[in-house]
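Once you scroll down, you'll see the structures, which are given as C-alpha cells.
Here subunit A shows up in two complexes: once beside subunit B, once beside subunit C.
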Partner chain A sequence: MRQLAGRVSARAAVWGTLAVLLTWSLAPIAVMVLTSFKKRGDIFAVPARLFPSSWTFDNYQTVLTSSSMPQALLNSVIIGGLVAIATLLFCFSAGYALARFRFRSARPLALFILLGQMVPLTVVLLPVYQIVSSLKLLDTASGVAFAHLAITVPLVTWMVRNQIAAIPYELEEAVQIDGGSRFDAVSYVTLPVCAPGLAAAGMFAFLQSWHEFLFASVMATSTASRTAPVALTQFAGEFDVDWGATMAASVVLTVPIVILFMVMQRYFTAGLTGGAVKG
Partner chain B sequence: MAMMPRTRLFLGVVIAAVLTVAGTTAYNIVEGGTRDNTVAWWVPDWDYEKATGLVKEFEQQHPGITVELVQTTGDTVANRTAVALDSGNVPDVITESLARVRGYADKGQLADVHELYGPDMPVKDFAPGLVESLTFDGGTYAVPYRWATNALIYNPRLLAAAGIDAPPRTWADFEQDAKRLTRGKVVGTAWPMQGEPNDLTLRFLDFAISDGTKIVDGAPRFTEESAEAALRLIGGSVDEGWASKSSFELDNTGIRELFLQGRIAMYPAGVFDVDAAIEQGADVATALLPGPDGPGTAQGVGWGYLIPRAAPHQESARQLVRFLARPENMAELTVTFPARTSASAAARFSTPERRPYAEQLAQHSVPAANAPRWTATVQAVHDKIQEVALGRVTPAAGAAQILDLVTR
Partner chain C sequence: MTHTTAVRTLRRRRSRPVLLVLPAAILTAVLMVIPIVTTIVRVVSDGGTGLSRLFDLPNVGQVFLNTLYWTVGSVAGGILLGYAGALVLQSRHLRLVGVWRSLLMIPWIIPGVVGATVWRWTLSTDYGILNQTLLDLGLVAEPVRWLSDPGIVLWAVALIQIWVTAPFVMLMVSAALATIPAERYEAARLDGAGSLAILRHIILPAIRPTTGICVLTLAVWALNSFTIIWVATSGGPAGASTILPILLYQAFQNGDQTLVSAVALVQVFIGAVFAVFFARTTRTDLEDQR
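Up next is the complex of A and B:
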C-alpha cells in the first residue's frame, strides 16, 4: 500500500513538473497569440487580461495589408532557401573532405572551422559587411544570404562531417571495387545514407537565417530586401509601439516555421543525433 | 569512364546551384554599377511617405540629380549607420538622431556642413543653442530639421476632481498634487522604467539640469545635490507610492495608454502623446515642466541630416540637404516641432496644447547631452535610478554612485 502511494506521488510530481515546464514554455506564445487578437484598449487593460474582451482581426489586417511584412516574408523564404542550398553545397563538400581524407592538419582545420561559431556576431559584422559591400551585394537577397553563411557554415560543416564519418567507408569502397568512381560512391551510397542528416542540416540553416536579425538589419537597407525579423521593427515608431500589430506579425513569422518543423521533425531529430556516437 | 546516371544528376544539380549563385552575384554587381549617378538618402519609416513627395519636387528642380530613398527603422538606424560609417561604404545623406552626431564626428566620419548655414539658413533661425551643440572641433556636422522636448501632460478632469485648480509649477507642487491625485485606481504620475533606457535617463537629467547640473561639451556635469534631488523625485516617488509601482513595467507607450484610460493623472512626455490623446478624445492639457522653484529645464532632442565624409556625391548631397532645410520642407517632415523658428508658422504648431511645448523649447530647454562618454553610461544610470525606486539604494547614495559612474 505504501509502495503504491509512493509510486502515485512520484508520478504526480513528474506530471506536476511537466505541467510547470509546459506552462513556462507555452505562456509567452499564448500571450503573443492572444494579444494579436486584442484591441488597443485591451492590451493595456488594468488588471491585465489574458483573453481579449472582444476579438479582432484588425492587427492582422494591418500586418498583411498596410506594412511591408508580406514582402519581408517572401524575402525571408528566398534568403532562407538560398542559405540552406548554399550551406549544404559548401558544407557537404567540406564535411566530406574532413571525414574522409587523411591529411596532416585535418583535425586542427576542423577545430578552426568550429572556432567561427564561438566568435560573437558583432565582431564579424564589420568584416562581413565590407565583403558584401565590395561584392556590390548590399541591399540584395543574395547579400543577406551570403552574410548568413558566416553563421551556418561552421556548425553545419561539423554536423555533416559527423554524419559522413558515421557511414562505414567500406560501403564506398564496395562501389569503387565494382567499377564506380568516387563520385558514384558518394551519389549512390553516402548521399542517400546521410540524406536525413542533410535535411536536418538544411533545415537548421534555414531556421538560422529565418530568425537572424543583426546581419539582416545592416545588410538589407530597403523594403525590397528586408527580412521578416527586421520588418517587425517597423511597428515600433519613434514615439509609439503598436503591440497588437507586433504580436500579429510575430504570429505570422512563427507559424510557417512551426509547420515546417512539424513536417520535418523526424528528420531533424534523427539528423541532429546521427553521428553523435561515432565521430 | 562513363558516369552513372545518379552521379550525373548529382553533379548537374551542384553545377546548376553554383551557376545560380554566381549568376545572381554577377547580376547584382552589374545592377549595383548602374546606381552611380544617384544620391542615396537613408530615411526612417515615419518620414518615408512625405520624403517621397519632397524628392519628386527636388528632382524636378534639379534635373541632373536622382535621389534614391532607402527606408530605415527606428530600431535599426543606429546600428546600420554605425556599420556603414565604419566601413566607409556610405549613403550620401542620412536622417539620424542628433544625439549620435558627436560620436560619429569624433571618429572623423562626418563631412563639415558649416557652409550650408548662411543668409538662406541663418544659425539664428534655429532653436537656441541647437547648431552650437552640433559644432565642435571647428566644424558643424549636421543640419537639424525636427526638434522636441518634454513638457507636463495632465488630465484636467482628474485635477479638478481632486480640487487642484492649476497644474503644478514647482517640484513641491508636483509632489503634493500627485499625492492628492493618488486615490483608488488613479495614480499621480509614472516613469518609463521599461523599454529604452534613454527614456528614463532623459527625464532624470531634465530634473538634474533644472536644479544646477550643466551640460558641458555634450556631457552632463552633475552636482551631487541636483542628482540626488532628481533621484528623490523619480525613484522616491515610486518608493513612496505617489508614482505608479507599475513604472517598472512601463515604457512610453504603456504610460500613455494608462493616461488615456484615466489611470495616470500627469506625466512628463513629448508632444506626440498629446496628439494621440486629442485624437482619441481624452481629457488632456499641457503645462511647462515643473522645476525646483518655477519652470524646469528640459532637454531638446531631435533629428537631422548628416553627410558622411566618404559620401560619393558630396555636392549633390549638399544641394539635397539645402533643399530639405527650407522652412516649408522642414515643416512638412516633422510631427513635433521644426528646428527653424521660421518653419513653425503653420497653425498646427501653435494649438493651445502645443503652446507650453513651444514655450518650453524657446525659453526653458537646452540641447540634450550627446557626448559618447555620457551615452555609454546611460544603461548604468538607468539601473541606478531603478535601484533607488526599489528602495535598495538611498537617493544620496545613488547620486554619489552616478557621479562616480559618469566621472569614470
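Up next is the complex of A and C:
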C-alpha cells in the first residue's frame, strides 16, 4: 500500500514538473501567437487577457503587404543559402582531412578552428566590419554572409569531422582496391553515406545565419540587404510599437524554423551532442 | 629514382591533408585571429589611453558587476532548469517523451531576437500577461516594472537568457543520461537504494563531465551575449542592464574606436581564461576519439 502511494506521488511529481516546465517554455510562444491575432484595441486592453476577444488577420496583412519584412525574409534566405553552401565547402574538406589523416599539425589545426567558437563576436565586430568595408561589401548580401562564416565554420567543421569519423574507412579502401582513386572513393562512398548528416550541417549553418543579429545589424543597414531579425527590431524600435504587427512578424520568422527543426531533429541533436560529448 | 618517387609520394601524402584544412583555417584566421591581433595592436599603440578611458568611465564598476551577476545568475538558472528537464524526460513514468522534448526545445530554436521581443511584450508593465497573472493570483499588489526598474531589470533579462539556454543543457544532459547502462539502476534498486540515493551516487557522477562542458559553454554564451539584452532593454534603464558586450556596441555606434578596442581587449582576456579550460576538457576528447 505504501509502495503504491509512493509510486502515485512519484508519478504526480514527474507530471507536475513537466507541466511547470512546459508552461514556462511555451507561455511566451502562446503570447506571441495569440497577440498576433488581436485587434489593436484588444492588445492594449487592461486587464490583459491571453486570448483575443475577436480574431483578425490584419497584423499579418500589415507585415506581408505594407512593410519591408518580405524583402528582409528574402534577404535572410539568400544570405543563409550562401552561408550554408560556403560552410559545407570549407568544412567538408577540413572535416574530411581531420577525420581521415594523421598528420603532425592535425591537433593544433583542429584546436585552432575549435577555439574560433570561443571568440566573442563583439570582440571581432569592429575589425570584421573594417575588413568587410575594405572589400567594398558593406550593405550587401555577400558581406553579411562572409561575416557569418566566422560563426559557422568552427562549429560545422567539428560536426562534419565526427560524422566522417563514424563511417568505416574500409568502405573507401574497398573502392581503392577495385582501382578507384581516393577522390572516387570520397565522391561515390563517403559523400552519399554522410549526405543526410551534411544536409543537417548545412541546415544548421543556415539557421545560425537566420538567427544572427549582431553582425547583420551593423553591416546590412538598408532595405536592400537588411535581414529579417534586424527588420523585426525596427518594428519594435520606436516609442510607438505596433505590437500586433511585431508579434505577427515574429511568428512569420519562427514557424518555418520550428517546422524545419521538428523534421530534422534527429540529425541536429546527434550533430550537436557529437561535438561536445564523446560519441 | 625509386627512392625519390617514394619520398615524393610520402611528401604528397603529408601535405595534402594540410591543404584540405587550410581554407577553413585561413578563414578562421582572417575572421578571428587577425581581428584579435589588430585589437591588441590598436590598444598597445595608443599607449593604453583606451584602457584608461574605459576604467575612468563613471559606471565602469557597475558594468563589471552587472556582467558578473548576469553570468552567474543565467548559468545557474540554465543548469538547474536543464537538469530538471532532462531528469523528468528520463523518468519511466512518462509517456510521449519525444513530443515533450520537442516542445521544451522550442525556446532554444527560435531566433534570439524573436525570443527577446516576445519577452519584452510579456514583461510589459501595464499590458503584459505576466503581471496580469501575478495580480490575478494575488502574488503582487501592483504591477512589477520588470524592464524599467533598475533593481530588477538585470534579473529579468537573465530570465530570458535562462529561457533560451536551458533546453541546450537539457539536451546535453539527456544524451549523457542515455549512456548510463540500465543494469546499474537495477543493481542499485536491488541493494535497496531510493530515488535520491540513485540521483546522488549514480546519475550525478555519470553526468559530471557533461555538467562541466555545459557550465563552461553557458558561461561563455552569457559573457558574450548581446542580442537578448540589446533587444529587450538596450542596456537600460540608466545602464542597469549594461554588460561588457553592450558597452562595446554602444561605443561602436558612437564611432569611438578606441573604447571599442579597449572593451574588446578586456573581453579577449576573459575569453582566454575560458578557452584554456575549454581546451583542457576537449583535449581528452580528441585523444579518445582517434
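The rule is short, and it goes like this: the second predicted complex is superposed on the first by the 264 of 279 C-alpha atoms of A that agree within 3 Å, B and C clash if a C-alpha of one lies under 4 Å from a C-alpha of the other, contacts with A are read in each partner's own complex, and residues count from 1 in each chain.
The rule we apply is simple: a contact is a pair of C-beta atoms (placed from the backbone, for glycine too) under 8 Å apart; a residue touches a chain by one contact, two chains touch by 3 or more.
Just so we're clear, the structure is a prediction, and the values are computed from it rather than from any experiment.
Asker: Once the two structures are overlaid on subunit A, check if subunit B and subunit C clash or fit side by side.
Answerer: Once subunit A is superposed (C-alpha atoms), there is a clash between subunit B and subunit C.
Asker: Have a look at where A:180 lands relative to subunit B and subunit C in the superposition and call it first, second, both or neither.
Answerer: It touches subunit B, and subunit C stays clear.
Asker: Quick one: is A:136 in contact with subunit B, with subunit C, with both, or with neither? Answer first, second, both or neither.
Answerer: A:136 sits against subunit B, while subunit C stays out of touch.
Asker: Applying the touch criterion given at the start, work out whether A:157 contacts subunit B, subunit C, both or neither, answering first, second, both or neither.
Answerer: second
Asker: Output check: A:247 vs subunit B and subunit C. Expected answer is one of first, second, both, neither. What do you get?
Answerer: Second partner only, subunit C.
Asker: In the superposed arrangement, which partner chain does A:259 touch: subunit B (first), subunit C (second), both, or neither?
Answerer: Touch partners of A:259: none, neither subunit B nor subunit C.
Asker: Could you let me know whether more residues of subunit A are touched by subunit B or by subunit C?
Answerer: After superposing on chain A, more of subunit A is contacted by C.
Asker: For A:222, decide between first (touching subunit B), second (touching subunit C), both and neither.
Answerer: first
Asker: What is the contact status of A:44 with respect to subunit B (first) and subunit C (second): first, second, both, or neither?
Answerer: In the superposition, A:44 contacts both subunit B and subunit C.
Asker: If we overlay the two complexes on their shared chain A, which of subunit B and subunit C does A:171 touch? Say first, second, both or neither.
Answerer: After superposition on chain A, A:171 lies in contact with neither partner.
Asker: For A:195, decide between first (touching subunit B), second (touching subunit C), both and neither.
Answerer: Touch partners of A:195: none, neither subunit B nor subunit C.
Asker: Could you tell me which stretches of subunit A are touched by subunit B in one complex and by subunit C in the other?
Answerer: On subunit A, the residues that contact subunit B in one structure and subunit C in the other are 43-44, 46, 89, 125-126, 129, 214, 218, 230, 233, 236, 243.
Asker: Quick check: in the complex, which residue numbers of subunit C touch subunit A?
Answerer: The touching residues are 14, 16-18, 20-21, 23-25, 27-28, 30-32, 34-36, 38-39, 81, 84-85, 88, 91, 93-94, 100, 102-107, 109-115, 117-122, 126-129, 131-132, 135-136, 163, 167, 171-172, 175-176, 195, 209-210, 213, 217, 220, 223-224, 226-227, 230-231, 244-245, 248-249, 252, 257, 260-261, 263-264, 267-268, 271, 274-275, 278-279, 282-283, 285-286, 288-290.
Asker: Where on subunit A does subunit C make contact in their complex?
Answerer: The touching residues are 10-11, 14-15, 17-18, 21-22, 24-29, 31-32, 35, 43-50, 89-91, 93-94, 96-98, 100-103, 105-107, 109-116, 118-129, 131, 147, 149-150, 153-154, 157, 162, 165, 207, 210-211, 213-214, 218, 228-230, 232-233, 236, 243, 246-247, 250, 253-254, 257-258, 261-262, 265, 269, 272-273, 276-279.
Asker: So in the complex, which bits of subunit A are touching subunit B?
Answerer: Its residues touching subunit B are 40-41, 43-44, 46, 82, 85-86, 89, 125-126, 129-130, 133, 135-140, 142-143, 180-181, 183-184, 186-188, 191, 214, 217-218, 221-223, 226, 230, 233-234, 236-241, 243.
Asker: Subunit A touches which residues of subunit B in the complex?
Answerer: Against subunit A, subunit B makes touches at 1, 3-4, 6-7, 9-11, 14, 17-18, 21, 24-25, 28-29, 31-33, 42, 44-46, 70-76, 79-80, 83-84, 86-87, 89, 185, 251-254, 256-258, 261, 263, 270, 272-273, 276.
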